[in-house]
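Here the chain labels run A, B, C, D, E and F in written order, and each chain numbers its own residues starting at 1.
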Amino acid sequence: MKPCKRIEIVIEQTLERRLAERLDELGAPGYSVIHGVSGRGDRGLREADEVTGTFTNCIFLIACNDDAVVTRLVEGVRPILSRAGGICLVSEALWLRH
Amino acid sequence: MKPCKRIEIVIEQTLERRLAERLDELGAPGYSVIHGVSGRGDRGLREADEVTGTFTNCIFLIACNDDAVVTRLVEGVRPILSRAGGICLVSEALWLRH
Amino acid sequence: MKPCKRIEIVIEQTLERRLAERLDELGAPGYSVIHGVSGRGDRGLREADEVTGTFTNCIFLIACNDDAVVTRLVEGVRPILSRAGGICLVSEALWLRH
Amino acid sequence: MESLFLTNLASPPLLFFFLGAAAALLRSDLEIPAQVAKFLSLYLLFAIGFKGGVALSESTLDASVISVLAAAVGLACVVPVYAFYLLRLKLGAPDAAAIAATYGSISAVTFVTGTSYVDTQGLPWNGYLVAAMALMESPAIVIGILLYRLHGGQAGVATVAHGDGGDGRVDWGSLGREAFLNGSVFLILGSMLVGWFTGSAGMDQVKSVVKDPFIGLLCLFLLDMGIVAARRLGQLSRSAGAAGGQLPFLLGFALLVPLANAVLGALIGWQLGLGEGDALLLTILAASASYIAVPAAMRLALPEANPSLYLPMSLAVTFPFNLLIGIPLYHQLVIWLLSP
Amino acid sequence: MESLFLTNLASPPLLFFFLGAAAALLRSDLEIPAQVAKFLSLYLLFAIGFKGGVALSESTLDASVISVLAAAVGLACVVPVYAFYLLRLKLGAPDAAAIAATYGSISAVTFVTGTSYVDTQGLPWNGYLVAAMALMESPAIVIGILLYRLHGGQAGVATVAHGDGGDGRVDWGSLGREAFLNGSVFLILGSMLVGWFTGSAGMDQVKSVVKDPFIGLLCLFLLDMGIVAARRLGQLSRSAGAAGGQLPFLLGFALLVPLANAVLGALIGWQLGLGEGDALLLTILAASASYIAVPAAMRLALPEANPSLYLPMSLAVTFPFNLLIGIPLYHQLVIWLLSP
Amino acid sequence: MESLFLTNLASPPLLFFFLGAAAALLRSDLEIPAQVAKFLSLYLLFAIGFKGGVALSESTLDASVISVLAAAVGLACVVPVYAFYLLRLKLGAPDAAAIAATYGSISAVTFVTGTSYVDTQGLPWNGYLVAAMALMESPAIVIGILLYRLHGGQAGVATVAHGDGGDGRVDWGSLGREAFLNGSVFLILGSMLVGWFTGSAGMDQVKSVVKDPFIGLLCLFLLDMGIVAARRLGQLSRSAGAAGGQLPFLLGFALLVPLANAVLGALIGWQLGLGEGDALLLTILAASASYIAVPAAMRLALPEANPSLYLPMSLAVTFPFNLLIGIPLYHQLVIWLLSP
């Protein structure tokens, strides 16, 4: 088990592919994406009820044990979030090496 | 990045709307909801396999940087959980301000 | 509220039932499973787009307040992950007793 | 009589239900995806509602229709009351109330399977029975909650039961919404209205969705119901055990109360002079127990009732019993009552 | 004229749209699962595309067809321009551009409902109108972005608008992909190609999916659209309020611009000498506003535009208006223009 | 002969497969929602199973049928053995075993597309071929695992391979469940039983689900398969590269082994004196490789085998090859063999 950061990003479904490409560019070691997430935030209710994905969210989970990469990821997604909405949380965890 | 609490609540799908309304009343700054969650707990297996939502869970994720609100939220959802089942976890995180 | 560990496991959808049975055997107090998760890792892109579940992931979330059980769980899932891929993260949280 | 059972047995929907149950018991990973299963249930309500509405538009709404509807609602109000007091012999107020509501209400899928049985038998039936079904869904929910308030509302956990406000008062607004605006009740009633309004011209436009694929899609839905029912059976025995060895009582209830209700329904149908098909459908409605509308509403109105009791009882015991044995048995009963 | 409205009113798809809206307004929990709703929308595009392609394969592609397609594309290029300058009177460049693109493009579901209206009226129509629809989807997206770059690209947030690179340049590759390879555009065009290639022999193989259940499935899809539209209405008034009390302006826009576009469309149809059915469908296309293809593309190309403005305007105002009043009104207009 | 290819090319299911592939290659965001795609696959198994069962109920189960079924199972046992030793030339035991199982088993969707080809050609075929298909699904799974145990079970990771217990023993219970109670195997067999039991009376009740929309829904499913196959192609080349430059070998295998198996299948069909349609379907079965049942089972039984090899090989190479070229080629072969 080694220490790592857990980055969670809630973002609009329509931007999933773009964020994934950005994470690849920025050197994320991997990521997982949860789909069909609804929610409420500054831009009001998003009920995940609509066929375009415009009112649906997804959640990215990124485990990263390199702090330099973590900083790069966070700074790299910041402009996307400030333009398109969403949130980003960073927390501590231990990563099981198998 | 500012410190915040991450509240996670696993609750039955049928109670999603009610919990969301309660969170609004209690002043949650926002929340995200993951759907179609299965699980096992004190009340046995819940296989997310059934059309009423009675045996399906959802997960609420709430980021909140005001500790007074966190306390209010936790106390406010406690009676729902003790009557209807489910769990609530609170952990530390950093919230990216964008 | 009592301290506990939050274990998160990302694993292939096809192995969901097997992991759940393993967790039961190992004495997990409960778990929640998020479905339809896509992602990228050492084994490349998994787009959750395919009918067998072979390229789809799920996420297990386990709250456990007994450290001995946590160790047993982590050691018990390690061989599954090393053979089938996936990741396991452990973090700290508080568990609301209701 | 034997032949009624055999015809019933050879019906694809029934066989797919048991195929699903077999899959679950053998622990196959066969599963209908949850969102599609949900959609199939909505489809069945949509189709049966529309068909009923069109049939209504073609019949005249006279006094005899009104009396059938009134009798149906009356039945749906009486059953939960007697069931509640019966259940209180062994169970606490929340569980008794929830199970009583479950058996007082009806199962749209049982009704739908009944209509396909009646059609296969070549018996005519009237569209207003769909209206009767829709009207029978909700009253038991309200009555169950009322009985609970009357008999248990004062104690313990119950004081924070409604509206979560801890003040022990019923939130009638949301109770009404859960009883009458429940998605499945709303969809049946709404589709019935649309069918009634657009009549046979409307039917011509949608019949290749509403009519033709009905039995085939019912097969696929029942395949899923079979899987789910078999999974829940084990849960029932565990939960009933945990609740103090009530399994025999609950199984007895789940088999005998539908029979009693069927007798009530058949007697009403006979008294009102209904035809064979109509009387049989009313009997099936009476005998059926809800496993979609009521459980969803009960989780909101009465979360302290254990869904591992009421849901498996109706879905995994009463429903297959009605499908396999009940429907032909009730048919026999109706034939016998109506024969001169 | 009155009778056109009444016929329209008695159509099941329209009534299910309003049933869905009623469910949402009454806060029923009725809901079509998201993945199924998405699939129903794909089905409608697949079916209308295939039908159009088969119809194309049976007609001759002569100069008159080309001129209709050219006029349709022309319309889809002109509308966003005038709409943008109109909107700039009250809104910032991003919102003006996104709304202009929304109204310059078309709504496939409105078109599809229009074809079922036209069929119900017994009017013949030509397959190339499906091609016109497909061609009208994308240009407005590109023009909307261009207008935005011309009029707002220099300021503030906008400098990091495209490609997220912060360099203020348009990423034409991904813009083109979002405009022309958008899933819904691609599926209509592709199905049209397959239909055109396989012709009536292909239609024989798939007609019980592509034709027969079309209106019934449209009912179920519109039920969902009604639910979603009613939910979004409230959002529109909140967002428009927050944007500085623009609600009356936006509502006026959402009702009057479609009317103006309808007049343009009808005039073009008349000038080109189209038949009643074709002219009506072209008018409906002109009047319709996108709520599937364009919103999805706008979120990628112009994330600073507020989707709580453009999506509810087209889905919750213009769409029901066209369904309920627009289609029969445009029909009246077309009859009046074409009558000698 | 050319005309067989052209007829095949003009079939909507095939064209929708390539439309989906084009969407993925052009990076369109077109996608069938996962749960619906899964349901469509279940639908196809349900429908083909039911049809086969009804056909069985109408034919007599004589010695010739038994010998076809036995030959089919024999083929499904022999193919994985020779394939395994061929693959071991270049690959480790786990990958060799998994790929051998994949090619020893069959693809229900290829079979289903084959039946629609055979129907389009106006050739009659017998229901017991569905039984043959169902019986050919599982043996290769068991044989693949046995070969792996025989040839690699002693080394490294493999010692904790089964039952995760680290004791190196095969868990026959769960292996059997994965091979024979696999959801797709179970659904075909079960639907076949129901079809066989209810016969043509059952078919009358469900034919507007089981028969009429079959090809149209196959189009939508193949659209999705095309998208997925094109996405996986890139993965295959990356993984095969990582596995030591095995891409040419694996591509050759994925194209030539099906051809060899087709010849085996056609010879058997000819020896057993089958009619043209039956012999062609048996040939198609032999040539097809599993991408639903086997991959799911392999992930459980042999997780160290790399799914980025065996899944893309069967889904993205062999499947489109069979669809586009294989089926008409095998038809030609069968015509040539059967011609006097």
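Points to keep in mind about this one:
Criterion: a contact is a pair of C-beta atoms (placed from the backbone, for glycine too) under 8 Å apart; a residue touches a chain by one contact, two chains touch by 3 or more.
None of these values were measured; they are calculated from a predicted model.
Among the remaining chains, those touching chain D and also chain E are F.
Number of steps on the shortest path from chain B to chain D, with steps defined by chain touch: 1. Interface note: chain A and chain B, two copies of one sequence, contact each other through mostly non-matching residue numbers (shared numbers fall below half of all numbers used). For this pair, chain C with chain D, the centres built from the Cα atoms lie 38 Å apart. Spacing of chain C relative to chain E, judged by their CA centroids, is 44 angstrom.
Chain contacts: chain B has residues 34, 36, 48, 79, 82, 91-92 touching two or more partner chains. Residue positions of chain E with contacts to 2 or more other chains are 29, 31, 33-36, 38, 208, 212-213, 296. Pairs of chains that satisfy the touch definition comprise A-B, A-C, A-E, B-C, B-D, C-F, D-E, D-F, E-F. Interface of chain E with chain D (complex): residues 10-12, 15-16, 19, 22-23, 26-36, 116, 120, 208, 212-213, 215-217, 219-220, 223. By the touch rule above, chain C contacts chain B in their complex via residues 1, 4, 6, 20, 24, 29-36, 61, 63, 91-96, 98.
Chain B makes touch with chain C in their complex at residues 8, 10, 34, 36-42, 48, 57, 59, 74, 77-79, 81-82, 87-92. Put simply, chain B touches chain D in their complex at residues 12, 14-15, 18, 22, 36, 43-45, 47-56, 79-80, 82-85. Note for the complex: chain D touches chain E at residues 33-36, 38-39, 42-43, 46, 50, 177, 181-184, 186-187, 190-191, 193-194, 197-198, 201-202, 205-210, 212-213, 296.
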